[in-house]
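The same chain A turns up in both complexes below, where it pairs with chain B and then with chain C.
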Partner chain A sequence: MTVTTQGRRASEGGRAQRPQNTGGRSSSPRARPSRARPLVGYGRWWWALPGLLLVLGIQYTATSVGGFFAFTNWSGIGSFEWIGLENFREIFQDPEKVRALGNTLLLAFGSVLLTNVFGLMLALALNRGLRTRYALRVVFFMPVVLSPLAVSYVWKFIFDFNGPLNQLLAAGGLQELQRPWLADPNLAIWAVLGVIVWQQTGIAMVIYLAGLAAVPVEIEEAAAIDGASHWQRFLAVTVPSIRPAIAIATTLGLVNGLRIFDQIMALTAGGPAGATENLATEVYKEAFSLGRFGYGAALALLLTVLILVCAMLQQYATRDRSKES
Partner chain B sequence: MTQHRRSFSRYGWALAVPTVGALLLTTACSGESSESVDGANGFSLTYATSNNLESPYERLARVYMEENPDVSIELAPQPNDRYGETLRTQLQAGNAPDVVQTAPGTGQAQGIVPLAEAGFLEPLDDAAAELIPAGNESLFYTEDELYGQPVDLTVSGFVYNTSAADAAGLDEFPDATAELLDLCETLANDGTSAIALAGAAPPNTGMTAMSVSATRVYAETPDWNQQRADGAVTFADSEGWQETLETIVELNETGCFQDGAEGGGFDAITNGLAQGTSLGAFIPSGAASELQSAAPDQNFAIEAFPPPEGGDPYILASSNYSLSINAASERKEAAQEFLDWVAEPEQAQLFADISGVLPVTGVADVDLSDTRYAPVGELIQSESYTALPNSTWPNQSVYDELSTGVQGLLTGQSTVDQVLTAMDDAWEN
Partner chain C sequence: MFRYTKATALREALTWVAAFIFLLPFYFLVATALKSDQEVFASDPIAPPTNPDLSSFVAVLGQQGQSNVLLGLLNSVILTGGSILCMVLLGSLTGYVIVRSTRRWSRGAYMLFLIAIVLPTQLGTVPLYIGARTLGLTGSIWGMIILYTGMLLPFAVFLYAGFFRGLGTEYEEAATIDGASRAQIFFRVVLPLMAPATGTVAILAGLIVWNDFFSALIFLGGSENQTLPVAMYYYVGSLVSQWNQIFAIVIVSMIPILLLYLVAQKRFIQGFAGGIKG
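Right after this comes the complex of A and B.
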C-alpha cells in the first residue's frame, strides 16, 4: 500500500520534480532532462508503430469489420444487404439462442465458482507442511498443460455408453444408472462443466499458491495466539491478503468460461439437439457451417459485449477496497 | 548517450529489415497457390479426404499426368469435415486452386449453385452436360450455364452386413417396415441391433431421415421439393414427412438401434458393422468398400430401406460429388481439358472402382448382379430413385433442423411436429 502510494506520488510529480531528481550531476543548468527519463522513453515513439499497426490492423480492424457484418445478411460469399438490428431481433426470438446464452452464463459462472473453490482448497492444502506437496502440485496442475481437445476426447471415451464409467457402474451392480451421459439432455451440460472444472482447477491452484506465499506468517501466528480459529484466520487474514490473486483467478476464469469452445465441440458438438450449445459454438455453427455469416457475426458481437460487461462487473466486484478507504 | 542511441538505431534498422523481409515473404507465400504450378499446362486440384486411403481424385490426377507428361497437377487434399468452409474462404480470398471439388445443388457449403451465383465458378463445356442425370439439371445449372461436372452415382441406402445376417439366421432382408420391426425385437433379445445409428452425429441422423423419406415422401411425389419451393406443401402438413419421423421414433422404441444410440458417433457404425453386432446402417454406398477393407471377413450389400405396408421400394441415388473450375483461375484451358478427360467412360469407371460408388455414366448397361449393389440393381436400372432431398433445399439450415431434430426425437427433447415446423421456418429464412 505504501509503495503504491509513493509510486503514484512520484508519477504525479514527475515533470515538476525532475530537475531535483537528477542529483549532483544535474546541478548544472545545462543538464539534459532526458537523463531522468525512464527506460521506456529511451527510444523513439515510432518504435512502437509496427506493433501498434499490427494490433490495430489485425485485431481491431478485423473485429470492427466483423461487427459491421453483424448488421447485414451476408452469407459468407457474394453480396449482402444492410438489415439493421434484424439479426439481433432474431437471436432474442429464437429459443435455441436464448438457451445458448443461458448455457454460456452457466458454464462461465459455474466454472469460475467451482475452479476457484477447488483451486483455493488445493492451494491451502498444498501450501505448507505436506511433504509431498511439490509432487502433488505437479499432479494437480498437469491437466492444465494438456490440450483441451485431447482432454475432452479422453473424457468423451469415459462417458461413452460402452465406456469405462458405465462399465464401472455395471461392475458395481448399478446397471440402472448406466446411460449415454453426453446424450442425456439433463446431464450433458453438467458433464461438460465437470470436464472444464477438472482441467482448469490447476491454474486457479497455482494462482492461489502464489497469493498464499505473500500471506505474512507472523500475522497468522499472532491471530492464532489471540485465539482465532482456523476459519477466522482464513477469513480475517488469508482472504484479505490474497485478494489480488482472487481478482486474477476469477477474471481469467470468467473470460475463459464465457468463450468455451473446444470442450463442447469435442464432447457433444452442441448436442443432444442443441442442449449444450453456447454462444461460441453457435457463432461457429451459424457463420461457418450454415453459411449465415451476418447472423454469426451478430452472435459474436453479443458474446464480445457479454465478456466486456462481465469482466467490468467482475473487476468492480473484486477491486481493492482498501484504496477507497 | 547520443552515441549509444545512434548505434541502437542502427541495430534497430538491422532488425527491422529482416522483419519487413519476412513479412513480405509471408505475403508472397500466401498468394495464389496456382502460381507454384509448373508449366503452362499445369494446374492445381483440391478435394476433400477423410482417411489415408488413396483418393479417387489423386488416382485420376496420377493417371492423367502419366498420359500427359507435359502436365503437372498440384494436389491439395483437405480434411473432409472442414472442406466446405475452407473452399469458400479460398474462393473469397482469390487463392483457391484451379479445379475444385464441389457438391451438386445448394445444401452444402461447397454447393455448386451458391458458389456459381456468387461468381466463383467458371461455366463448363458440353462434355459435362452429357453426364447430368435427367431431372437433376437444377443441381448443376444456374441461369442456363453449367458449373459442375458430376463424377459419381452414390446410392444413399442401407448398407447391410450379409455375413452377420447369415450368422443371425436371417434368410432375406425385410420387404416391409413391419417385418423389420419384428426382426428388431428378435435381434434385440440376442444382443444384436438391426441398425447402427450415430445419434450424436448430425450427418448420420439426417441421412437416416432422408433415406426413410425416400419411401414415405419421394416415391409417391418425386417433385415434392419443387412443390415445397412453390409453397404448395409444407413439412409440417406433409403426411409423408410425419410418417418418416414417426417411423424413426418407432424404430427407436422397438429397439432397432444399438444401446446408447442417441449418443453414438460414427465409430458405433464402423465398429458395429465390422464386428457384426449391428446388421446395417444408413451410410453412403461408397462407405461399404471402406468397411470391406476394414473387415475382410464380412460381406456387405446395399439394400433399400423397406417401404410401409403396400408401399413401393424407392431409394436415394445421385451424384454427390462434382468438379468445377475456379472462375479466378489463370489455367482454365488446362483445367477444362482435364475435366473433359474425366468425363470419359473409362475415367468414370476408374473413379467408381476406387471409391466404391457407381459410375456416373452408363450405369444402365452395367451388370450389377454380382456386386454389392445387386439388391438395388433393379431400382437403379428402372430409375426408381431420386436425388438427396437436401441437395435442392434452399439453405443448409433446413437439413440442420432435420438432423438435430432427429436426435431430439431419440432423446425425447422434440416432437415430430416441432421438428417439421422448425424445418419449415428454416426454409423460409
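Right after this comes the complex of A and C.
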C-alpha cells in the first residue's frame, strides 16, 4: 500500500514540467525508510479549513441564498413573498430583458470568435523567425493588464462623433462612413464588442504562442518535404497539436465574455435606449439601483445557469476532441 | 526551414504596421491629456497638442471627496496587497493539503474549488451585500480583502495544486529526517520552492483585484475607502467632454500597472499563457 503510493508520487514527480524538481537537493533520494509515509510531515488536514470555509461561505452559501431570492419579490429590506417563477416570467415577457440576453450571447460568442481568430493569426505571425517577436508580443499583450474601465474611456473618446475615428474617416475621404458610433442603437453593441476584442486578443495570442511552441517541428518539416502546402500543414499538423490551447482560450473567453460589465458601463451605460444592456448590467441596475433584489437575483441566476451550461458544454466538447485524436 | 528571408522581413514589417494601428489609442490618450481646456474643445482630436501642458493632471490630482484620486490609489494598493497576501497564504496551505492528502475528502474539496472558479459572482453579490451591510462591512477595506480572497481563492488553490502535484516528496522526506516540524517543512522548505507559483498567483489575482470595478463599486462606492477605478468612475461621471481631464485620470490609473508590466512582462505573459493551464 505504502509502496504503491510512493511509486505513484515518484512517477508524478518525474512527469513534472517545473525545473526545480529535477535538481533534487535531498541528500539521499533512494534511501527512504520503507514506512516513511505516515511519518513524513505533509501538513495537517485542518490547514485547508480556513480556505474551505471561506469559499463555502462567500461562494456557495451566498450563491445559494441568491438563488433562493430569485424566487421572491424581496426589495432588499423588510418582508418578502415566495412568488415562484413570476420573476422569470417577467424577464421573458420584457423585450428589454430578452434583448439583454441576446446581447450577452452576442458579446460572449462574438468576442470568443474574434479574439481567437486574431489571437491565432498574431501568434502564427510572431511564432518563428521574427527578430522583434518579443517586443511585438509585449505590445499586443499590453491592453490585457489595463483596467477595462480605463480602456473603455479611451475608446469612448475615439468613437465620439467629433472624435478621432470620424476625423480619420474624413481625412481618408470616407465622410459617408462617419457615424455616431455609440449613439446609434444598431451600432453601439458592435462598438462595445470591438473594444473587448482590442483588449483581450492578447490573452488568446499568448495562449496560442505557448501552444505553438509545442508543435513538433520534425513533423512539420516532413510534411513540407512531402509537398504539403502552408495551409495543409496548418490544418494537418498545427491545429491538432494546439487543440489544448484552443480549448483553454475559448473556455476562458466564453466565461469572461458572458459577464462583461465594466466596458458597457463606461462606454454606453447600457444606452442608447437600452440597446447595449446585457445581463450583468441589468443585474446591477435592478438589484442595486432600483432596489428590486428578487428580480435582480433572478437575472443573476439566469446568467449563472448560462455560464455553467457554457462551461460544461465546453468541457464536454474538449474532452470529446482529445479522445478522437 | 526558418531562415530569415524576404518573406519573413515582409511579415515582420506588416506586423509592426498592425502594432502601430493597435497602439493608436495610446497616442490619442497621451496627446489629449496634454492639451489645455481651451485646446481640447477647439482643436482637431487627431492633432498633437500645440502647447503641451500638465494643467489637466494638476486638476485631477487635486480632487477631493468622492473622486480623490490619490486616496483611491492608496486604497487600491492596500487592497491589492492585502488580498494577495491572504490568497497566497490560504491558497498555498489549502492546495498543499489537498494535493498531499490521500483521503477521499480531498478529491471532493478539490472539485468544490474547481466548480467555484466558473461560478459567476453576480448571483452571490446580492446576499453578500446584504450580509456585509448587516455586519457593517460595506465600505470597509478589511471586509473587501476577505471578500476578494474568498472570490479568487478557488483560482489560487487550483494554481497551487497544479504546481504541488509536480513537486516530488523528497524535500519533505529529507526535512522530516532532519527533524523539522510540519509547519517548518511547509513554510521553510515547500513554500519557498513554490516561488514561481506564488508569482503567478500574485500577478493574476492581483491584476483582477487591482482592475476590479463591479464589486468595488457595489461594496466601496461612496465610502472613503474607494479604489482607483471607482474614484475614476465618479470623476469621469462628473465631467462632460473634458477629455483632457478624463484622460489625465486614465493615465494616472494606468501608470502603476504599466510600469509593473514593463518590468515583469515575462512573468505576466507566462502567467496568462501557462498559469491558466495550471
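Criterion: the second predicted complex is superposed on the first by the 273 of 325 C-alpha atoms of A that agree within 3 Å, B and C clash if a C-alpha of one lies under 4 Å from a C-alpha of the other, contacts with A are read in each partner's own complex, and residues count from 1 in each chain.
Basically, a residue touches a chain if its C-beta (ideal position, glycine included) is under 8 Å from a C-beta of that chain, and two chains touch if they have at least 3 such contacts.
Bear in mind the structure is a predicted one, so any value in this text is a computation, not a measurement.
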{"item": "Touched partner set for A:T268, first chain B, second chain C, both or neither", "value": "first"}
{"item": "Touched partner set for A:W47, first chain B, second chain C, both or neither", "value": "both"}
{"item": "First (chain B), second (chain C), both or neither touched by A:W181", "value": "first"}
{"item": "Which of chain B and chain C A:G76 touches, first, second, both or neither", "value": "both"}
{"item": "Which of chain B and chain C A:F92 touches, first, second, both or neither", "value": "neither"}
{"item": "Touched partner set for A:F288, first chain B, second chain C, both or neither", "value": "both"}
{"item": "Partner chain in contact with A:N162 - chain B first, chain C second, else both or neither", "value": "both"}
{"item": "Dominant contact partner of chain A by residue count, chain C or chain B", "value": "C"}
{"item": "Those residues of chain A which chain B touches in one complex and chain C touches in the other", "value": "42-44, 47, 50, 76, 160, 162, 288"}
{"item": "Chain A-facing residues of chain C, complex", "value": "1-2, 4, 8, 11-12, 14-16, 18-19, 22-26, 28-29, 32, 44-46, 90-91, 93-94, 96-98, 100-103, 105-106, 109, 112-113, 116, 118-131, 146-147, 149-151, 153-154, 157, 163, 165-176, 180-182, 185-186, 193, 196, 207, 210-211, 213-214, 218, 228-229, 232-233, 236, 241, 243, 246-247, 250, 253-254, 257-258, 260-262, 265, 268-269, 272-274, 276-277"}
{"item": "Parts of chain A lying in touch with chain B, wherever the complex brings them together", "value": "34-35, 42-44, 47, 50, 75-78, 160-162, 179-185, 268-269, 271-275, 285, 288-292"}
{"item": "Chain A contact footprint on chain B (complex, rising order)", "value": "1, 5, 8-9, 12, 16, 19, 85, 88, 91-92, 109, 114-115, 117-120, 199-200, 202, 259-260, 262-264, 395-397, 400, 404-405, 407-408, 410-414"}
{"item": "Residues on chain A engaged by chain C in the complex (per definition of touch)", "value": "5-6, 9-10, 12-18, 20-21, 24-29, 32, 36, 39-45, 47-48, 50-52, 54-63, 65-67, 69-70, 76, 122, 125-126, 128-132, 136-142, 144-151, 153-155, 157-158, 160, 162-164, 167-168, 171, 198, 203, 206-207, 209-210, 217, 220-221, 224, 244, 248, 252, 255, 258-259, 261-262, 265-266, 279-280, 283-284, 287-288, 293, 296-297, 300-301, 303-304, 307-308, 311"}
